[in-house]
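Okay, so chain A shows up in both of these, paired with chain B first and chain C after.
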Partner chain A sequence: MTPNLLLAAIMLINFMLVASSRVSKCIQLAALQGGLLAMVLLLMHDHWPFHVLLMAFSTAAIKGVVIPAMLNRAQDRMKPQREPEPYVGYTLTLVMAAAGTGMAFILARRLPLQPGNLGTLFVPASIMALFTGFLLLTTRKRALLQVVGYLVLENGVYLFSLLLVKQMPLLVETGVLLDLVVGIFVMGIVINHIQTAFDSQDTHRLAHLKD
Partner chain B sequence: MILALTLMPLAAAAIVWFMKPGLHRARVLPVAGVLHLALVLLALTRSFQPQPDAWLRLDPLGGWMLLVVSTIFTLCSLYAPAYLALRMERNFGVFGVSMLGFLGMASLVATSRHPGVLWVGMETTALATTPLLYYNKNKRSLEATWKYLLICSVGMALALLGTFFVAYAAQQGGLGEPIYIDRLVANARAMPVPWLKAGFVLLLVGYGTKMGLAPMHTWKPDAYGETPGIVGTILAGGVTTMAFLSLLRFFSIMAAAGLAGFCRELLVAMGLVSMAWAFVFMIRQGDLRRLLAYSSVEHMGILAFGVGIGGKATLFALFHVAANALVKSVLFLGSGNIVRSFSSKSLADVSGAMRRLPVSGWCFLLGFLAIVGSPPFAPFTSIFGIASTALGGGHLLAGSLFLALLAAIFTAMGSVILPVLQGNPNPPSVRTHYEDTFGLTFPLVLALALALILGTWLPGPLHSLLTKAALLVEGQA
Partner chain C sequence: MIRNLVQPALVLLAQMALTLALAPLLPGIVNKVKALFAGRVGPPVFQLYFDLAKLLRKGAVFSRTTTGVFLAGPAAAVAVPFTAALLIPMGAATAPVSFAGDAVVLAYLFGVARFFVVLSALDTGSAFEGMGAAREVTFAVLAEPALFMGLATLARLAGSPSLAPMLTAAGQGWRAAGGPLALVLTAWVIVFLVENCRIPFDDPNTHLELTMIHEAMVLDHSGPPLAAVLYGASLKLWVLGALVVKLCLPLRGTWWIDWPAFLGGMVLLAAGVGVLESIMARLRMRRVSQALIAAVVSGTFGFLLLLLA
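And then the complex of A and B:
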């Protein structure tokens, strides 16, 4: 079985992320996407040597459980408040995501794959996730949604790295995952400070520094 | 030995963390700084033997960059005890751990042979410096921290994808694990061009964000504007230097693959855009630190431009890393002293700084003259070298634009800075109790003296180190 079905599911999640307005739902979707990444990794191999199992397990644990739990905790500590309207509306971002997907396919055609990976959706799915993450980061005002955007962007990068399991040593993969956790942890701390200082998570209020 | 460069600062960070709170924590910094500089110099005196299996090693390019960063760190660490004594209300633990953590990670970046380890080191420097940005603990610094964290994280994600693209190209070229940078350079010809090109664009955007090249520099004015001068020095002279080094590592792979022309065009364009952008925002700039931030954007542009021109200009660009870092430490630390005396960094409130603070004021004036490229300071040597290589090598349009932008920046920056320094302090301006003291001024004088010495005389060993480093950048040797 090729991993294409799962990759298509991952791309579908990107659309749902862009269309969703609730933070908790976005966190769930990002967690699901992280779990799917681990499954793609397992599907790519016929037999599973130790380092593949270890990587799949740590991916599922970190992207599917640890980081979503951290984000959920940050979300629970927030005071309930109305979602600020995004800079760009949901319908328009959805259209932009669709356009981005088309671009991703065009771009991917110009990058020749190795014979073993021919016909897979890795490159378009990766570029599309990157684009979706970027969209969330730039069009949403809620700090937590921006962090979800960063997570999706990282998922896109991770997706591409699956083509390199043999090339990138485990040490490097571990370092990358660890940096992601610490990065999101630090973002969580900063969000907490923003909440305390501004009594809101709306990054729109972070607009004092200008030329 | 090479590993000690990374581990020593991390051990010092652990010591600071477990010390009792108090000012003695700040005194660990100069000890660690001087020790690290000594270690770097010792490592550089050894010959650069290739060790096929080692994950870490010091080559001339990494060695030069680490020498610069270690010097800047030492200057800052000498300034730190006197500075922190003025801010007894703060927790020195986080400050010390973050500073030393940065130094350790910078050493990892400079010595790593593997592009993945390089990335991990760069990302960790970003995380280590984040608490430093929030040091003033107010709303404005919070905003700066959030922007820095988010923009740099996105940049680093793109750089990671670029790194993976290059690794995939290596896989297609038949290069097995581990893909050390020197092995990538040696086998670059066999790799497919589209992946390398796409990878370099991503890496240029990614590490360019970290360097602060326009238009990805938007975190820079906010970050430099809201942090203490000492942190500004570490960011402008340290973090950006390491990001530049990371970019150069990949440039050498591209050059070896025969893609130097493609990359050079991008670098020249990016460099000129950065300088032009900096110029526009320097005109009538009302904030001293933001002015310095745009000057940093300009000088990152000069670095990119220099490597983009190539040939002799590459060597001058590498020299400019040191020249810019030294003079920037004079300017950032000096601006810290001035801002503290006037209790404002808004230029409307500050004037006559040379009369009120003779040492800091004079250092700042000389630093300003040095950074815009006046002889006999070090930046003059490199800027003049880059310009003459560009014009002599047939890059007439690019070279003339470069010179025109330099002249425009000189006037823009001068018209903002000179009123701050000259004349008498305005009557309504605040006068705090701050006075120039030895501890807060001698690092500035030292940095200025180093910039002056490098501008007039480059010692033989440094020259040969730079020559070897420039060859490495061009994908040779």
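And then the complex of A and C:
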């Protein structure tokens, strides 16, 4: 079985992430994407040696459960308030994501890849995830959505590194995952500080800071 | 020789008769399902037939500001979906009319219908109908690329620019290209709902000024012209529904399986629309264009997936 359909689903989740305005839905979608990444890893192998199983499990646990739970907790602690409008509207970001997808497909054709990876969606999917993560990071004002964007960007990197999973030692992968957890953790603390300082998590307000 | 001529003629007549006779049934089914969902008895399934008969017996009232253009709308509303029905293969039959590029003709036939309906709405000089026309055109502009991306995907899948082989290839391609086809189906269902003013986008039953799109354009029609508009709407529902159903149904090649499957699919589609209308609220005006962009993106993505795979 090829992981192409799963990769297509991952790309579709990117579109949904860009189009939806609700933070809780975005977190759910990002969690689903993390879970699908673990399944892609499993589908790439015919038989599962211990280190692959371990990596798939830790991916699913960290990207699918731990980080979304952290984000959800942060979300719950926010006071209910009007959501700030993003810098770029939802419809326009969706169009940009579609254009980015087209670019990702073109780019994937140009890259010098191993022949086995040419027909798969790995490269376009990872470039697209990078691009959507970047879009979310730059166009959204809510700090939590930016963290989700970071998560999606990281998913793209992870997807790209899956191509090298046979060569890459387990240690590097776990290092990346650990890095991610620490990154999100730090961001959580930063958001918490933004929240207490400004009574809002609209990062736009950071633009006019005074000492 | 004779057989070669007679058989297509019979198929043509059967398909046309079926389209003309059964189209008003679909809105009836939708309304019945909605009523049952809400715990009401609801109007009979054949209500639209009764309405049409009643309207045809009445005289028409024309505003003094209207000109001859006013009648072009109802005429086009009936003629165009009927012409479009000639291009779409239904049931076991292949399309009565088929040539290279007829998919483009199909898309622009609906453009022609929209043009005349909008024109006749503008002809009344009513600001209200002008607003409805503006909305209709705005959303049509977004619905068209979604339809076209789906057509492009199917054309690539079938290797043919003609609608009949495209839809056949789609029906049989679900095993090989399920992902792209599912995306095209999503896009087309959204187009189907928008074009027929069904609920997440427009509500054909209420006449609320703030949100109505299509109904705002036909407020000045009465009597037989109104019957033409209503009948045309049901024909359009049938034709676009046939497009969606054919996308999902493979052709088995035996008419006693294909025809019931097709008709069952149409009934199922109408019932599905009824359920959808019962469980969903209407989208905000701003959200409509966003959903349409999503349909375009879905179609584009399907096309890209097919190109790569």
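Convention: the second predicted complex is superposed on the first by the 208 of 211 C-alpha atoms of A that agree within 3 Å, B and C clash if a C-alpha of one lies under 4 Å from a C-alpha of the other, contacts with A are read in each partner's own complex, and residues count from 1 in each chain.
Here is the rule we go by: a residue touches a chain if its C-beta (ideal position, glycine included) is under 8 Å from a C-beta of that chain, and two chains touch if they have at least 3 such contacts.
Since this is a predicted model, take the numbers as computed values, not measurements.
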Simultaneous placement of chain C and chain B on chain A, clash or fit: fit
Contacts of A:Ala30 with chain B and chain C, given as first, second, both or neither: neither
Touching partner for A:Val66 - first (chain B), second (chain C), both, neither: neither
First, second, both or neither for A:Pro112, with chain B first and chain C second: first
Broader residue contact with chain A after superposition on the shared chain, chain B or chain C: B
Partner chain in contact with A:Val40 - chain B first, chain C second, else both or neither: neither
After fitting on chain A: smallest Cα gap, chain B-chain C, Å: 20
Set of chain A residues, in rising order, touched by both chain B and chain C: none
Residue ranges of chain C touching chain A (in the complex, touch as defined): 178-179, 183, 289-290, 293-294, 296-298, 300-301, 304-305, 307-309
Complex contact set, residues of chain B against chain A: 114, 116-117, 119-120, 123-124, 127, 130, 134, 139-140, 142-147, 149-150, 153-154, 157-158, 160-161, 164-165, 167-168, 170-172, 177-179, 192, 194-195, 198, 221-222, 225-226, 281, 285, 290
Chain A to chain B touching residues, read off their complex: 110-112, 114, 126, 130, 133-134, 137, 143, 146, 150, 153-154, 156-157, 160-161, 163-164, 166-169, 171-172, 175-176, 179, 182-183, 186-187, 190, 193-194, 197-198, 203, 206-209, 211
List of chain A residues in touch with chain C within their complex: 4-5, 8, 11-12, 15, 19, 90-91, 94-95, 97-98, 101-102, 105, 119, 121, 124
